[in-house]
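Paired with chain B in one complex and with chain C in the other, chain A is shared by the two complexes that follow.
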Partner chain A sequence: YDRAITVFSPDGHLFQVEYAQEAVQKGSTVVGIRGTDIVVLGVEKKSVAKLQDERTVRKICALDDHVCMAFAGLTADARVVISRARVECQSHKLTVEDPVTVEYITRFIATLKQKYTQSNGRRPFGISALIAGFDDDGIPRLYQTDPSGTYHAWKANAIGRSAKTVQEFLEKNYTEDAIANDSEAIKLAIRALLEVVQSGGKNIELAIIRRNQPLKMFSAKEIELQVNETGKEKEEAEKKKSKKTA
Partner chain B sequence: EVRLLRRQTKTTLEVSLLEKYPCSKFIIAIGNNAVAFLSSFIMNSGVWEEAGCAKLWNEWCRTVDTTHLSPTEAFCVFYHLKSNPSVVLCQCSCYVAEDQQYQWLEKVFGSCPRKNMQVTILTCRHVTDYKTSESTSSLHTPFLKALKTQNFREPPCCSLLEQPNIVHDLPAAVLSYCQVWKISAILYLCYTDVMKLDLITVEAFKPVLSSRSLKSLVKNIPQSTEILKKLMTTNEIQSNIYT
Partner chain C sequence: MALQDVCKWQAPDTREASPHLPQAGGWAVPQGWDPQTFLQIHGPRLAHGTTTLAFRFRHGVIAAADTRSSCGDYVACPASRKVIPVHRHLLGTTSGTSADCVTWYRVLRRELRLRELREGQLPSVAGAARLLSVMMSRYRGLDLCVATALCGWDRSGPALFYVYSDGTCLQGDIFSVGSGSPYAYGVLDGGYRYDMSTQEAYALARRAVAHATHRDAYSGGSVDLFHVRERPGPEQEREEEATPDRA
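Entry: the complex of A and B
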């Protein structure tokens, strides 16, 4: 049942699909948070070799002006999926004269992934993606796809290495207050990432997408600023706690 | 064809390694995970001097400059502890073919080896080779199994390898040799589901640190864990497959 992708095991497993999900665990962590007027995508930067150009290792990419995605898993597979999705976004615009909805492009990517779990001789895509953006109605959306071709909408989620830890953190800390405004949502994303990223801010990459605005990637300085602010707030919160207990 | 070379002079050793450097403890790591374990946990606890290296004529073993070896390369190097030259270590991460195993044994142990030494062998095997009547879902890989010669009297650090499992390749050759020559030897075999260099697999060897032969060689465990992490990350950065 390991060999050919199109074969079910006696107990109903598609092992290649499950192994593809293991490949996703090898990619660095990605976190996505849906706020009221913003969607934040944060990733743990992969450590690059000394002579490698950092800018060519990008986990967050724009699919269209109003949709972007971040992935975890096999880099090459992601490149193929992203280029197909980008073509589909433009083709949709040309055909129906409307930009894609986030749900449409997510469904497209998920269907593409599912096709590769059913044809013989092809292996599934080894990536999970977080797709974020705004529809024409102005509502923010966050979707997640996985190698089996399923997709779901999320308020906040994490994929990649140590995703479970981040998911638990988000379950505890995603409250109405936490996403009350844009900067709070950004801080929540940073705090979630810092749970699992070693060596702090310099290994984090952050991007936000706002209503009617294209994807904005944060510069290293801006990230440092945010991380420091988050650090300060954490310290103050801990001081207050110790004062209360004292 | 197997040749043993001295590092400093790059000439062939005329006698077998253990005749030239008689030892009371011989620790052999075969495979990249076992090699990484010894590099991080044993080799940082003293000054180890290179005693020689083995050059094997086969396409898998290309012994390059032995000064900066990473566990991902293929090599077979022997070290002895400067403060106690009767402790000899072998780091073997290359493949020794069946027809070369006997020569390797002869060149290392000699034709009439000393009986009063203790040999410890560390190696890994894929868990799919492990035969058991239990359900495979109850196996928690990686796990350690031991196989010893008749003369090995100490209690092993883990459970013994059950029948009908067998040991393969160079570890089997060394163990058989020790059994025939009545040398006290034990093999610690780690069954794992990851065949490349992997942190969890290497850490599965930790119980071996409490054995009598290795206990005295372990100095600084937190530092060793750091060294191991570094070995792993340098290995990971080279790979661009996953982002």
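Entry: the complex of A and C
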């Protein structure tokens, strides 16, 4: 194990890291939206085989009471990263007597990913993660990490398959009005996902995290409700448009 | 990495204590003896004896101490400093062995400064107290004697922790440490209120130390008074010839 796998190419690329980013783009879409009092994480559910219990496939996980993450890419790699992050959240509480800040745990995950791009016999993690939560000061935060180990804060972002389409949608539609209250932010997440998800609400998984409240996963019924409402609003908006033009 | 292995270099774990500290269990004692007994009988006689106190109230945390450093039967230094600034928002009163206190506070200062740079925010008083107690608990049984009260103002308001070298870490409103502490506790318990004014708090602290120095042989000299406020930078003043009030 004394041979490095991730080495520089003559023109300065780390190809293994770039290939890992390709692996991320094969994963199902994840969208994250930071509102004023809420952070919404939406995920495209991959269709499961008939005999598979679909509850065992979870792309959104809590790391601690006040911070959660969703990932796109290799599920097995994500399991390892999530496990390490959960342990770190508790170790931090033990040594520093305070829960982690969202930035701290993001930095930890990013540092972990970077270590694997610079170690013997190891390949980079093939996941990008969206990490969401609230700090002590009550401000909502959303961060994104990628296989190279960089991390940035975002107001809204998407990763995985068709992320570009969703990102363009968000750039056009993420306005002050769109995140004016919690339900508007949730609807924006659904609309963003519906741009790229086939066959509507059955293939969406949604979770929210609010100040001083743990992660809340939406049940299938709740998601259906939200999707129907969003659909109605869309129809009404189109009717108004056609009235104007007619 | 290959180069790392060839040079036999290990990246330091940034969260562990400095590798330059002595290893735990580093006393070499003759065969058959356990370190604690050996030190008790043959170990060096170290300086002890003091009165320090700290209490928290609405307007911050007050720390006060005498200034006599005694060594057995004589006064080694009549003007020593027992309240040590640890960080912009943190102060510690020291009691026990002066040498141990000063060393551990230097180590604590280093670790807290690194933590501040890493996290981009001032470390909490609870975190600092936990760090100190964990660092010292590795040397339990080796006659370390550090009894300190860490005072500071962090995000949760004025905070006060008592840390002892066996690993005790307690949160509280009033602590007094040292040979003169029973006398100081008497005065403090009689006059303490959380809603005191700043002037009342100063007067209470001075009176407590003065009474302790009056009766305890190992305490004396002047009174050092410190006040940790909300904005960083505690204030201090030193008074000459503390005399107890006749009340």
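What we mean here is this: the second predicted complex is superposed on the first by the 241 of 246 C-alpha atoms of A that agree within 3 Å, B and C clash if a C-alpha of one lies under 4 Å from a C-alpha of the other, contacts with A are read in each partner's own complex, and residues count from 1 in each chain.
Criterion: a contact is a pair of C-beta atoms (placed from the backbone, for glycine too) under 8 Å apart; a residue touches a chain by one contact, two chains touch by 3 or more.
Source: prediction; values computed, not measured.
A.B. asks: Report for A:Q118: first if it touches chain B alone, second if chain C alone, otherwise both or neither.
C.D. replies: second
A.B. asks: Kindly classify A:A70 by the partners it touches after superposition: chain B alone (first), chain C alone (second), both, or neither?
C.D. replies: In the superposed model, A:A70 contacts neither chain B nor chain C.
A.B. asks: Looking at A:G27 after the superposition, I want to know if it touches chain B, chain C, both of them or none. Which is it: first, second, both, neither?
C.D. replies: After superposing on A, A:G27 lies in contact with chain B but is clear of chain C.
A.B. asks: Once the structures are superposed on A, label A:I209 by its partner contacts, choosing first (chain B), second (chain C), both or neither.
C.D. replies: A:I209: touches no partner chain.
A.B. asks: Between chain B and chain C, pick out the one touching the greater number of residues of chain A.
C.D. replies: Result: the larger residue contact count on chain A belongs to B.
A.B. asks: Can A:D98 be said to touch chain B (first), chain C (second), both, or neither?
C.D. replies: In the superposed model, A:D98 contacts chain C only, not chain B.
A.B. asks: So in the superposed three-chain picture, is A:D136 touching just chain B, just chain C, both, or none of them (first/second/both/neither)?
C.D. replies: In the superposition, A:D136 contacts chain C only.
A.B. asks: Touching chain B in the complex: which residues of chain A?
C.D. replies: 23, 26-28, 46-49, 57, 59, 71-76, 78
A.B. asks: Spell out the part of chain C that touches chain A in their complex, as residue ranges.
C.D. replies: For chain C paired with chain A, touching residues are 1-2, 5, 15, 115, 119, 123-124, 126-127, 130-131, 134, 155.
A.B. asks: For a test of understanding, state which residues of chain B touch chain A in their complex under the given definition.
C.D. replies: 233, 236-238, 240-243
A.B. asks: Could you please specify the touching residues of chain A with respect to chain C in the complex?
C.D. replies: Listed in rising order, the residues are 2-4, 95-98, 101, 104, 118-120, 136.
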